[in-house]
Amino acid sequence: MDKFLSNAERAEVLTQALPYIQQYNGKIIVIKYGGNAMINDTLKQQVMEDIVLLTLVGVKVVLVHGGGPEMTETMKKMGKESQFIGGLRVTDAETVDIAQMVLAGKINKTLVNLLQTKGGRAIGISGMDGRLIEAKAKDPELGFVGEITHINVQPIVDLLDKGYIPVVSTLGCDREGNVYNINGDTAAARIAGAVGAERMIMMTDISGILKDRDDPDSLIQRISVNEAAKLKEQGIVSGGMIPKVECCIDAIRRGVDRVTILDGRVPHATLMETLTDEGAGTMVYWEK
Amino acid sequence: MDKFLSNAERAEVLTQALPYIQQYNGKIIVIKYGGNAMINDTLKQQVMEDIVLLTLVGVKVVLVHGGGPEMTETMKKMGKESQFIGGLRVTDAETVDIAQMVLAGKINKTLVNLLQTKGGRAIGISGMDGRLIEAKAKDPELGFVGEITHINVQPIVDLLDKGYIPVVSTLGCDREGNVYNINGDTAAARIAGAVGAERMIMMTDISGILKDRDDPDSLIQRISVNEAAKLKEQGIVSGGMIPKVECCIDAIRRGVDRVTILDGRVPHATLMETLTDEGAGTMVYWEK
Amino acid sequence: MDKFLSNAERAEVLTQALPYIQQYNGKIIVIKYGGNAMINDTLKQQVMEDIVLLTLVGVKVVLVHGGGPEMTETMKKMGKESQFIGGLRVTDAETVDIAQMVLAGKINKTLVNLLQTKGGRAIGISGMDGRLIEAKAKDPELGFVGEITHINVQPIVDLLDKGYIPVVSTLGCDREGNVYNINGDTAAARIAGAVGAERMIMMTDISGILKDRDDPDSLIQRISVNEAAKLKEQGIVSGGMIPKVECCIDAIRRGVDRVTILDGRVPHATLMETLTDEGAGTMVYWEK
Amino acid sequence: MDKFLSNAERAEVLTQALPYIQQYNGKIIVIKYGGNAMINDTLKQQVMEDIVLLTLVGVKVVLVHGGGPEMTETMKKMGKESQFIGGLRVTDAETVDIAQMVLAGKINKTLVNLLQTKGGRAIGISGMDGRLIEAKAKDPELGFVGEITHINVQPIVDLLDKGYIPVVSTLGCDREGNVYNINGDTAAARIAGAVGAERMIMMTDISGILKDRDDPDSLIQRISVNEAAKLKEQGIVSGGMIPKVECCIDAIRRGVDRVTILDGRVPHATLMETLTDEGAGTMVYWEK
Amino acid sequence: MDKFLSNAERAEVLTQALPYIQQYNGKIIVIKYGGNAMINDTLKQQVMEDIVLLTLVGVKVVLVHGGGPEMTETMKKMGKESQFIGGLRVTDAETVDIAQMVLAGKINKTLVNLLQTKGGRAIGISGMDGRLIEAKAKDPELGFVGEITHINVQPIVDLLDKGYIPVVSTLGCDREGNVYNINGDTAAARIAGAVGAERMIMMTDISGILKDRDDPDSLIQRISVNEAAKLKEQGIVSGGMIPKVECCIDAIRRGVDRVTILDGRVPHATLMETLTDEGAGTMVYWEK
Amino acid sequence: MDKFLSNAERAEVLTQALPYIQQYNGKIIVIKYGGNAMINDTLKQQVMEDIVLLTLVGVKVVLVHGGGPEMTETMKKMGKESQFIGGLRVTDAETVDIAQMVLAGKINKTLVNLLQTKGGRAIGISGMDGRLIEAKAKDPELGFVGEITHINVQPIVDLLDKGYIPVVSTLGCDREGNVYNINGDTAAARIAGAVGAERMIMMTDISGILKDRDDPDSLIQRISVNEAAKLKEQGIVSGGMIPKVECCIDAIRRGVDRVTILDGRVPHATLMETLTDEGAGTMVYWEK
């Protein structure tokens, strides 16, 4: 495509991004990245490029990531089988150990590395570093599945202040030194609120919220937080979309202006969302 | 043109600018703007947009401007006729007064205003403010035509430090309070050297240095500072281009890496020059 | 006179200034300078010396200037005639252009230059720089006569912080890039309030407020802001003094402690006003 | 033991530490922690307590850790067998992946967590974060076994500046995004030099350098860097001790004053080494 | 005793101090030192060592001292006899002069000197320096016995900020330049409140508050501020202990958390009080 | 006298001080104050006023004081008789104790107090505070007569930085805690050199250096440091003037530009010396 664009046309495009750049310069954006959006390597490369570009135009990006399929894969490799109690997966000590290795070791550092090959400066931390995410057991029967009790936002503030992109894996800790596996979306929403983020982007591999689950053309592009809550009550939002919408609502309640459930399959969705007048997915906003 | 570009294509363009943005982030660029490039209003609007965009991606721009045709026009309006000695125009007290009005009053503030309607933060100063340009008479017979004796770069450093785009009109002063008209290209080169600029752009209304003055297709796109000096000696560079080339050489000698004689008639030439892999005009570089 | 003063007597005089120096050290004083006080060259020299001396004893001076007779003179030279609607002068585009040249080009830079030959460090700005004075048209029929809508005090704060004397010419701007001519006294009062000035001095070429307009010996030396308002209502303050008194009242309402209508014809009036126990003119103070 | 110590005696002990505390206040100490010293849990607890105590008396500690037996264990669990070429273990892509998980995920975060339960503030990074350790392949046949090409010390400086204990796992990266397994001792020596450390402690599970390998009573307590080099040449230092001694020499050559091969089995060896007049192990010092 | 302690045991003791060090790191402690606790030279040496050690583990110590018996001694040497009015000693001009010499000259500088031979950095000031303690006459008949009217805490803040131990002799001053002798305990309590101290230690040469004045075994180790007030009302606290207790109450009312009347005769009482779990004397605390 | 000066004349005088104020703004001046100049109370008041005024116009003053006759008086009062060995006074432990009381207690704090009643901000320190003056015994037979071994200039730098006038009494100390009486002139010269003072003023109660000791009209007003050295060699400088001249030479050798032996009996001599074009006394300058 690009070979048909003259340099003059390219410059024109850059100029059109000007008002968006001005709008987000110096603002904090929390990007939750995970799930299937992490698997497609081309997309991954683009997401990292987009993040580096955003930091260069003055946006302060915090990247929160989840686990993706690598967790399952590693557990399988290590011959660890999941146990279930009443249909819920139990996270025993060995499982949380594997989570720590996969999240804080494998995925976190790989993302840091990728950001840096694109020209960014990143430092990867977990919720244990600087005690970022304090947690307790959600339910003793489920083992080390954690519920956030407190966000100590200082490590993120310090890293942003020193000019790094903080890359966060969502493990929590308590005062006794226990480690907990924390839901990534929930953690991202809490961090976004604590750090005073302007926006939050939840990258997924679906189009966004559909009015009619069976009609891919029924995408809701913009919705107020109140309407979103209503859709949930009415059962229009359902399945895996429910916790996503709940996180959007939680982030907005904690002071974030806009949360977008972004279609990670669209090339440069992050950039378009932030620096052009159109996005891909569903944007939930605060109704004044 | 743009309506045919999808958002995805726009994002793609932004991404392509990434390496250039990284390269110039935090660097100082001095842009000399003047002559006929100042007359075309569409171009003026674009140059100002380009400058604001550069500051938003972290480039520190110093805008040095000349007088353009408004000087002549105002003198005519005020019934002031130029005197000549041996073919050279004499700058008497009344003429330097008009220069002060046109440069520091009319043009400087109009540029400041334009930058700000585009979203920039600018403060316009002259070579008198903070005693930026100290000068003496070049030749007593020519009156207040000044030769730079010293650049006090502090005011520019202070304004950059506070986040402003310094817009400079090139009037000089001496310790007795005399005001001098200073050649804009010369002043820009001296300021670029003093402030430690990475690059300097001299915006003109011609294509650049031609190998054959009569063949517009003979444009030299890149030339080393040594070769440029040679071309001048060989008489290939001639006429109004001679002082331009001398300023390029002077700026590079004072530590600037690259100076481009940029074709101001090309839309978004400044942006293309800085943020894409092609420029318009002739780039003179330091031969290591 | 001075040759009769021994050094010991001079030292004695300096010592007497001690309590006043202590009182104003670190405080901000806004000086409005304009009108006929600007014409007498000896006085002009003294005012500039006084300002530099005040900055050296730790007073932070902001110098706001008006246009004086040079505006009229330049308009005449340029063959521009004023139009009047209902007795009020119309400021068309060409007139505001000339105002920009005379105020921001001629007068502003000449004052900057003078301050610097006296040893000060000054930077001259207009209400357009850093969007200091935002304005709108007062009355569409009158053209570009502006009414202040907002003072963005940051540029003045930044220049004071970097150790410069900000010299301000009172042109305003709006978001569309229009330029407006702003009444200097009004602008000075607004700036004094916004910058948190301790005092404001309005330099004029009259003695001050007289109880009896026809009796030069009836000068009021000190008057509370309430009494001043009363005098205006009673018609004792009249003619050109009315807007002056209104500016005094406005400045005090915006937090300035004392405003003096100072007799600029008295040598070193500024210094005496600030550093001795007597002033020349009328001091309006806040009645606690 | 302690129950026999009165509070007065305890205070006496604290007072005796005074001169050592004074000596190291504000200094940087790099501690290399690994091998069998990491296995004994009681010792691990004490080492972490010692480090937190050192930071509280003003010592800036950088903790560099190695892999220990957990690497082997995890490889076994994952059914990964090591390949050997000419007796040397090959690190293929899968192996370096496991190293990343075990080092940056498991061990690093567990140490961070432990330091924090003791009251410290720690952030764990790898050589990839902020591109701390740049490396290249040592020998293409061995795969991703890295040789350090450059230390970018800024991330460590930034974390110390913000008051954290940097905990470093020694993985390296190159500009293409490859990850390398780096020898921990070598990395610690390079980091100690780059960060301007006063001292370096290499914690091991042996007594130190022995004059006679077979006589545990022949421990050398202090040795100059030159003598250490000589012992190596003479073959008195041999086996696994050779690379240790080489690291000592390298660190001292890069500006570290003293390097101690510390017997990690001795309780509170770190504290004693730093805050009392005796250490456990062999101290190599710079001979002036 | 110490020769029987191995280094390992010493390290153990240091480790036990860890939680206390963490608790007081960065906190301000005001120590009032005077009376007979100043006479015993061994104790004096230990108190100074304790203070230096506290500063090295991050505690900010302010040392306020009284006069002790040197005042009486010097007066006797100078042949100055005390006058009494109604049983109260009169402080005439000559007496306050001697106080100034003994307190600010002799004792203050000797303490500064001692702290520095122990490795501390100290600067000794009086209540006159930076006008720290403003006072007025308590009763004209008593002459220059002062009552505190205001604490200007800036000099202490400035010295702590620059890393010095401020050593304060409690002389007061008024705007006319009169000097007053100020009760040391009272001044210490006021300073502790003004500087936001966490704790205050009043070093004495008695055991503390006794339930039964005649039974040295009836020491109260911990008492709430309310209970202490009650004991005073009930007459259980009596004699010289009354003003001490009043100072404790005053300091706590001004925001200090805990005040200890410390038995200065116990070796390293200061250190034990702060860095172990037992103190010597009576601790008065704020009852939440 | 002053009642005959109009305010205008006063302002004129202030204006004449302008160039001198500009010259010394931000510069450090060390003033040695002692001897008979300290006795006359009117002069003392004026010297303190002058110092406060200098600090307000931006001069950084360090006041070093000597002992004056109060030392002798206090020794007499305390029944302490001086012993002499070979004509030189012996400073035994008791004598240095009295010196400490008189210098650091009485005189230092009284000067601090006086400066503050004039509106200054002062902190009085001795050579012991922050170990400012390190010394050793000059001659064991003379006891605690000290010779400066090192100046730790940090405490003075810190106090100037925080905006205080450091008032210094010239007692020295060594690492063992011994106190020494230090010659005030010598200490002032060393401090002036160490702190990078522009000028030093030695206030005395004589006119200055006389060409002919018996002719009061033969005052030398300006003399180069080389000529001063010559005069000393030729015996023209003699008696008590010899050490003064030696201090001048020492201070200049250590980088001070000008040292003035100032006639303290002349009212406002300090101010005149610094802020007018004439001084009282002899100025020794560096001959370039």
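First chain written, first letter: the chains are A, B, C, D, E and F, and each begins at residue 1.
Assume contacts are C-beta pairs under 8 Å (C-beta built on N, C-alpha and C of every residue); 3 or more make two chains touch, one makes a residue touch a chain.
Keep in mind it's a predicted model, so treat the numbers as computed, not measured.
Touching subunit C and subunit F together: no chain.
Interface repeat of B-C: among C-F, D-E or E-F, the matching pair is E-F, sharing over half of the residue-numbered contact pairs. Copies subunit B and subunit F of the same sequence differ by a rotation of 120 degrees once their CA atoms are superposed, given in steps of 5.
Computed centre separation for the pair subunit A/subunit C is 56 angstrom, with centres defined by C-alpha atoms.
Separating the CA-averaged centres of subunit C and subunit D is a span of 68 Å.
Annotation for subunit A: no residues touch two or more other chains.
If the chains shown are joined wherever they touch, the resulting network closes on itself as one ring, and no chain has more or fewer than two partners.
Starting at subunit A and stepping first to subunit D, the touching chains follow one another round the ring as A, D, E, F, C, B.
Partner subunit E is touched in their complex by these residues of subunit F: 74, 77-79, 97, 100-106, 108-110, 112-114, 116-117, 121-126, 128-131, 155, 158, 161-162, 164, 171, 173, 175-177, 179. Contact residues on subunit C toward subunit F in their complex (touch as defined above): 1-2, 5, 7-19, 21-22, 25, 46, 49-50, 52-53, 56-58, 118-119, 266-268, 271-272, 275-276, 278.
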